[in-house]
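One chain, subunit A, links the two complexes that follow: it is found with subunit B in the first and with subunit C in the second.
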Partner chain A sequence: MAAINGKDIHKLIVACDAGMGSSVMLAAQLRKELKKFPVEVSHTPVASIPADADIVVTHSELATRARQAAPGIPVVPFEVFIGDPAVKRLVTIIKEGGDLDV
Partner chain B sequence: MATTYTPQPTGSGLKANVQRVGAHLAGMVMPNIGAFIAWGLITALFIDTGWLPNKELAELVDPMVKVLLPVLIGYTGGRMVHDQRGAVVGAVATMGVVVGSEVPMFLGAMIIGPLAAYLMKLFDDLIQDRVRPGFEMLVDNFSAGILGMLMAVAGMKAIGPVVRTFTDAAGNGVDWLIEHDIMPLASVLIEPAKVLFLNNAINHGVLSPLGVQQAAEAGKSIMFMLETNPGPGLGVLLAYLFFGPRRLRATAPAAIIIQFFGGIHEIYFPYILMKPRMILAAIAGGATGVAIFLATDAGLVAPPAPGSIFAYVAQTPKDGWFGVYAGVLASAAVSFAVGSALLGFGKLAEERTGGETDGDGAEAASDKTADDDRAARTG
Partner chain C sequence: MSDGLTALLDPRGIRLDAVAADRDDAIRQCGRALVDIGAVLEPYVDTMLARERSVPTYLGEGVAIPHGTTDGKDSVVRDALAVLRFPGGVDWNGETVSVCIGIAARGDGHVAVLAQLAEVLLDPERARALREATTHEEILGLLQPTEGAPAS
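The block that comes next holds the complex of A and B.
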């Protein structure tokens, strides 16, 4: 269990199977929420997460693949696409600082 | 707050591997969906039975489905293995299986494109550091050219005929399922696989290629509708809207819009994963849809992607409206009815039963606050 501080997150990747559908939707939502913060939000297929990502957000069904594709990069798995507590907490620590166990 | 986090997934190595293989297949098709849609629109508009029959423009149909689409798949498959050089030899090699084939060679393209690119990669790795300075470009261009030529010949003489046998067998298998009226059982496999995020793998990796083959002959195919039917997901979400756990009800309307109109089916998978018995609702709805599609001889002209009702409208043949929409609506109605019953019409919604997934989902759900509801509405 490592912890990451919200202030250290500058590149956030939302990953889904194809990188074309649900990840685009969630990335757009997060981008809007984090507009005022120095965080770049992008979406990719779970198989091609860029190595310089600070944190990866993906559905828990895809988390195994995300961890294999991007070893060493913290993964935040979530359950529901709208208003998931894990995603909400991530947004909070980015906005207000604080640590997140990943 | 650690409890709000989902646990590390365990024991899902097999699932991850299946997902990964499927993602490779789907990954060759999905970036090219725009071309499939262009072909579908041209077909729906300009063929004899289309909206604006036009002999001259209809000549686009055949070369696009038999050459352009397979070559794009071979190109993309090659690129996945070995970037631009892989893409080029993949495209050239695909021409080998395309030329002289009577049916669209999607399976062939999915095999030979990445294979040619892989051989290119092996060669490039082998000669790396061994080329004299100044000869790199000469070696690069001619190695790709010669390998492309060889693979095109191999595709035409060896791989093409073998793949054609497989493709024919797959097509015959599908015909057999249709003739014996057991096609609706496909939903028993498709719906659970779908919510485990194998949706793209199944649809774009398997069903779309089979469907394009059928559509090239018959003008439409039911294969496009097996996975993409937005009805079952709509029914499940409606059941949650009326009878789901109270805290989840607020998120259902936004999810319905994203799923049914936006075509992003992933949005409803969590609603099933958190109460796995709800899969029965999706299966019942899916099977109902397929049965009606079969009974009314319904089909779409091209893959509806994403699986939005708008994509359905765009790809429905002129004479096929009744079957397609009867099937979609009936599947939504059936999965809503079954889903509502499984939620005990509200009485069973809050209870925590079943496996780990069930508990986690309920827990995550009960952590929601008014903020989430606001997020749901703005999202």
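The block that comes next holds the complex of A and C.
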């Protein structure tokens, strides 16, 4: 298991299927929450995750596809779209520093 | 901003006293509402069901946001939302859904409203207000993006 430090995250991708619903909402939430931090948040379909992404956030059902599509990029899977503990932890390490096992 | 929400949320797309037999029925009704207001073509509805089977759209606080898949985008005529309230609740994989917000989107015109929805659901009081809304005005008031929210 590898670890990533919050200070090294500058490009965060919320990966989704159609990109019209829940992932778009999560991306908007994260963008708002991380507005004051040097992190670019975008949403893309799982199949087109940019190779220079630092971290990928995706629903657990899509995590396997995300890992295949973006080998080597850490993936944070979540279960619920609002208030998921894994996403909260990620936001905390981006804001305050610290490592996240991925 | 109010123009944005009004353009997305046709009053005919808001139903306050819907009744559904089950999750798929509720999704079909959301799809039907989007078809009725001219936002999507019929084939979109099946992609909403397909999407729900791959990744459920239940958000929490009794709210789900059924929408189509990438394949369904061709059937989207314009960005729109439909809000269906099910006062009796609908079983959604073991959760109880009281409000379904059906989404049709080609672009990002609806993102500010979804961000606002996330804010509402993070606030238990406002989430309850959404579940218990009995007028169009209450629904519109809750989903109105707040000042300064990012446009996309």
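The working rule: the second predicted complex is superposed on the first by the 102 of 102 C-alpha atoms of A that agree within 3 Å, B and C clash if a C-alpha of one lies under 4 Å from a C-alpha of the other, contacts with A are read in each partner's own complex, and residues count from 1 in each chain.
Here, contacts are C-beta pairs under 8 Å (C-beta built on N, C-alpha and C of every residue); 3 or more make two chains touch, one makes a residue touch a chain.
Since this is a predicted model, take the numbers as computed values, not measurements.
By the touch criterion stated above, A:Q68 is placed in contact with subunit B alone, subunit C being left untouched.
With both structures placed on the common chain, the touch criterion links A:F81 to subunit B and to subunit C. Look at A:P45: by the touch rule set out above, it reaches both subunit B and subunit C.
For subunit A, the partner that touches more of its residues is B, with subunit B and subunit C as the two candidates. After overlaying the two complexes on the shared chain, residue contacts for A:D101 are found with subunit B alone; subunit C is out of touch. In the superposed model, A:I93 lies in contact with neither subunit B nor subunit C.
Applying the stated contact rule after C-alpha superposition, one finds that A:R31 touches subunit C and leaves subunit B untouched.
In the superposition on chain A, contact of A:S22 is made with both subunit B and subunit C. Of the residues of subunit A, those at positions 17-18, 20-22, 25, 29, 45, 59, 61-62, 80-83 touch subunit B in one of the two structures and subunit C in the other. By the touch criterion stated above, subunit A contacts subunit B in their complex at residues 16-18, 20-22, 25, 29, 45-47, 59-65, 68, 77-86, 88-89, 101. Against subunit C, in their complex, subunit A makes its touches with residues 17-22, 24-26, 28-29, 31-32, 45, 59, 61-62, 80-83.
Considering their complex, residues 51, 54-55, 57, 59-61, 65, 67-70, 72-73, 103-105, 108, 110-112, 114-115, 117-118, 121-122, 149-150 of subunit C touch subunit A.
The part of subunit B that touches subunit A in the complex is made up of residues 1-2, 4-6, 8-9, 12-13, 15-16, 19-20, 23, 26-27, 30-31, 196-197, 199-201, 251, 254-255, 258, 262-264, 266-267, 269-271, 273-274, 306, 360-361, 364-365, 367-368, 371-373, 375-376, 379.
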